[in-house]
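The next part holds the structures, each set out as structure tokens.
The same chain A turns up in both complexes below, where it pairs with chain B and then with chain C.
== the complex of A and B ==
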């Protein structure tokens, strides 16, 4: 068979989203790849300039549909810095609770999709089943399973419902042994090692050169985690370790994500204990009035526009489930952000595809791209 | 009741119907319609129709069995809503596919596109005429029925490749290439594993092979051959872990990407027909077919259609193992599959042939007893 280009996408089971991976193949060997993004571009950054600070949160849930709360957290941290607002401590703990639960949910979603890519059907359903428990928890305190709109500039929308922490602990007790079961299903299989070892290798210096972050970087042996290196929220008060692997291949990324979920459970137990013993407000008191009032009263169109608020610039970077996400918010004194810019970790991770795909086989594309954990929503924004 | 055979059933049926019609007809027509040749001819047709209906029914039940069992492995219930416990779900799915328009891509080759799946299904159906299901429940004495069955079974790569190539789709073509490479690579160890059985039983006739196993099922002494045969069958049936011709992760749907409607149903049906045939062959060659050992109480073997009952039970249990494998293993890669096929399976199958020859020479094993016949 001579060389040919094939389009894997935009509608293809490998993509897990809406993007196109153009592959030049000779028989089964990959000669060249060309990832094409942009099929899901919604202009979230531009739309944000036209909305009140709290209204942007709605867009953040749509930015990454498997890690909505993490992106809310990212945006909120930047805009609070830009608006000079300090959230109460309990709200910060609640945000960490959200983010770590979201990390487990996102990694479970990754696990389900990834094992599907190498042909395992059963763990796919196990992963989705266990993710549902976390979505149930989200539903109980944010009211939604996917688009939460829970965080607010200056805190969070509401406190936890009574009995939540016990329920959450039950879920964590259930999840811990499940991760060992997942490991037995995958790592216990010789075929899994045959498929995933030494596959999609991206060494540490290549990762740094291409801006690859998150589990891919940690699987290459670098102990880089913003929760440790540049602690935000209350991560400096929590005890956990950074997951790391040395192999820089698909198996390494698997191990890193599994270990991250275990560490998230460890963090969540500390957070739940803290929340049990420290009641308090969850929204800052000294908020400017327009932050709580998205619509002008009838007949007073100028009411909201005439505020003068100290200008500022906010930058935040968090360890999102997929990698290091960054946000930049410019406050020019109005009630809309003047400019919002996000840095998507997956965009960098996918852009380096040429480094870790060429030379492998067509059948290796799904496991490799699965181990990258592509979320197209945040790539295209 | 022991003389009840598929042919006698259909002969009696045709005889009764034609005699009833003949009794009300005038003299010349009467004699013509109760003519023995006509009855025999019609009986063969009814026989074939019964066999076809039974095989189709079993294939559809096999899909149900897989859906339910796979569901249980995955902590869910499988089909539940159409019929009791979803028994009619597959019939509903079949009717849905039947009603759909068959879309043929403009650039596809019309002849290959339609004839490929049709031939694939028809060759799979022919096999049911060859396989004995119980004593007397086959199409007649075929001294080389095993050889014939395996020969028809190995037609498949040709038709798959024809339909893949004529689809004019890159994914289909890659799937077809993989399928052809895989099936040809695993044909060899499969046949060598069968040779081990033939050496011990001394016959190519499936009925004889089954009767040789009356007290001496071959799965124990020929365990290596059984392993090779099951692995080869998995590759021939294109099931996980060897389902890479239709690996949905990278090849969309492999060689049947462009197919929809009834032509897709042909592929689906033929896949499960071949899965059923694979399970049946395992039962016939290694698990004693419809016979049970003589130490089994006669109550369990003497009720009407006992042979068919045990045969179907064994077949479904063998298929349950295939389902179990599907539920718990990832998919291998083409080069790994071929390397395992040529480097591991063929030496193993040669070993199994050697073991079979040694067994025939030794004649008796401590646990399993003695080979019933002198062998070849």
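== the complex of A and C ==
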């Protein structure tokens, strides 16, 4: 028998982004894998050291281009802790609104790409069609469809436009039944089960050993969700369940993500009801001008009025669509963060690739890596 | 779990390796240790239930460098923050991979970006920057807006 290394990437239909999976194979059997990252490394942590706190938000949208608002939220939470700033309650509800809509949009993007990986072409169009409705909502209050720059240290940039909550409810009413349709399309298909069942199995204790989080961890049966375990923003006031599956395989990850989208709809309905009845400020009042300007970047003269905050370290962790993201922001008293460190969930999930790929066949790689939901932007940063 | 609990549980076993435990918002505590007994600290903290290592990172404080670890316990539903200092002219530390395999890529990244080497790491090579990249961008001495000379070797010939 002859073994050889093959490159799947950096230009390969499987990769969904710019990265390379090197695979050592014997015939069709995978003997070893070596993910190669860095093609999209932009040095976001380094650039952040050279920018004002609010200017880093621009980079957060680019960190993960399918879940920009979640990453903004992550960074904002850590910065507020480092700078000792408390945002108003309405702003926190607006951030949860952003994050849950972003979760659905990100999972729909995953769904569209994943079903294409396993050879089902039609659901791709459905996934993209429904994601577009959420992008329309984002556009109506942030002005952008992909790079939002909506959150601010101390709150959010602007309130919702009139009539937004009704429009959002219409979108949720449309989306709910669609998820059942997706299930009928996929789970009712023999092709789906033949390509997904018992593939890429990663048991719970291996997940923990190798730092795997998010839907992959929950599909292995662990009930771990930072929104429940370590509630941030206003998640402790919202009622929802943690999605879970027991099979630890590709099908399990599909089921977890579908259930998460249904739970997100449940959260969003509560948030929309709250927003309807609680008007108020969306940006903290006592901010200095260099931080408090609602539209960044503020003028140079604004920055000159900087006030030195007491030094501090901020840490935040949120349940991002891909898993557990963390930010560590060190404030040394200036107007730039001294050091910003991000933990990307996909970074850890891909680093465990040996654990869930070795022993399977080459043709199993697309569904398995598809079920990991790789977003290269946040791996490389 | 509170900082005092951590100190009571770890203090006797670690002795002088443990510098101290301070409170940290939302955490079981911030545990400072000396780098000489790093592996003992990792084993002891893992033994307390902090089985999930989420993050390893480095900070350049110019005269010295700091390495920090964030680990999560499923029983306590809490994080713990570990941190240690290494001198800038001799920046190396024992790898955490024997205790937490998830430290693998995080340590590779810290090595190439912050120039902190990890002893007995199974596979310490470039992850985000190209092979042969001689710079460590996250050091304070690495200034943006300055041209750099770069010769990139191909990864596979």
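Side notes on the structure shown:
We adopt the following convention: the second predicted complex is superposed on the first by the 365 of 381 C-alpha atoms of A that agree within 3 Å, B and C clash if a C-alpha of one lies under 4 Å from a C-alpha of the other, contacts with A are read in each partner's own complex, and residues count from 1 in each chain.
We take it that a contact is a pair of C-beta atoms (placed from the backbone, for glycine too) under 8 Å apart; a residue touches a chain by one contact, two chains touch by 3 or more.
The model shown is predicted, which means the values in this text are computed figures rather than measured ones.
Superposition of the two structures on chain A leaves chain B and chain C fitting side by side, clash-free. Contact with chain C, but none with chain B, is seen for A:37 once the two complexes are overlaid on the shared chain. The angle formed at chain A by the C-alpha centres of chain B and chain C is 120 degrees to the nearest 10.
Contacts of A:363 after superposition on the shared chain: chain B is touched, whereas chain C is not.
Once chain A of one complex is fitted onto chain A of the other, the partner contacts of A:315 are limited to chain C, with no touch recorded for chain B. Looking at the shared chain after the overlay, A:328 reaches chain C, while chain B stays out of its contact range. Using the contact criterion defined above for the overlaid structures, shared-chain residue A:146 touches neither chain B nor chain C, since it reaches no partner.
By the touch criterion defined above, A:120 reaches chain B but does not reach chain C.
For the overlaid pair of complexes, the smallest distance between C-alpha atoms of chain B and those of chain C rounds to 16 Å. On chain A, the surface touched by chain B in one complex and the surface touched by chain C in the other have no residue in common.
Per the touch definition, chain C reaches chain A in the complex via residues 24-27, 51-55, 57, 59-60, 68, 70, 74, 77-79, 81, 100-102, 104-105, 113, 126-130, 137-138, 142, 144, 155-156.
By the touch rule above, chain A contacts chain B in their complex via residues 1, 4, 6, 8, 12-14, 28, 115-122, 125-126, 129, 185-186, 189, 191-192, 194-195, 361-366.
On the chain A side of its complex with chain C, the touching residues are 7, 36-38, 41, 43, 45-47, 50, 81, 208-213, 222, 224, 229-230, 313, 315, 317, 324, 326, 328, 330, 338-339, 341, 343, 347-348, 351-352, 380-381.
Chain B makes touch with chain A in their complex at residues 70, 73-76, 170-171, 173-174, 177, 240-241, 243-244, 247-252, 326-336.
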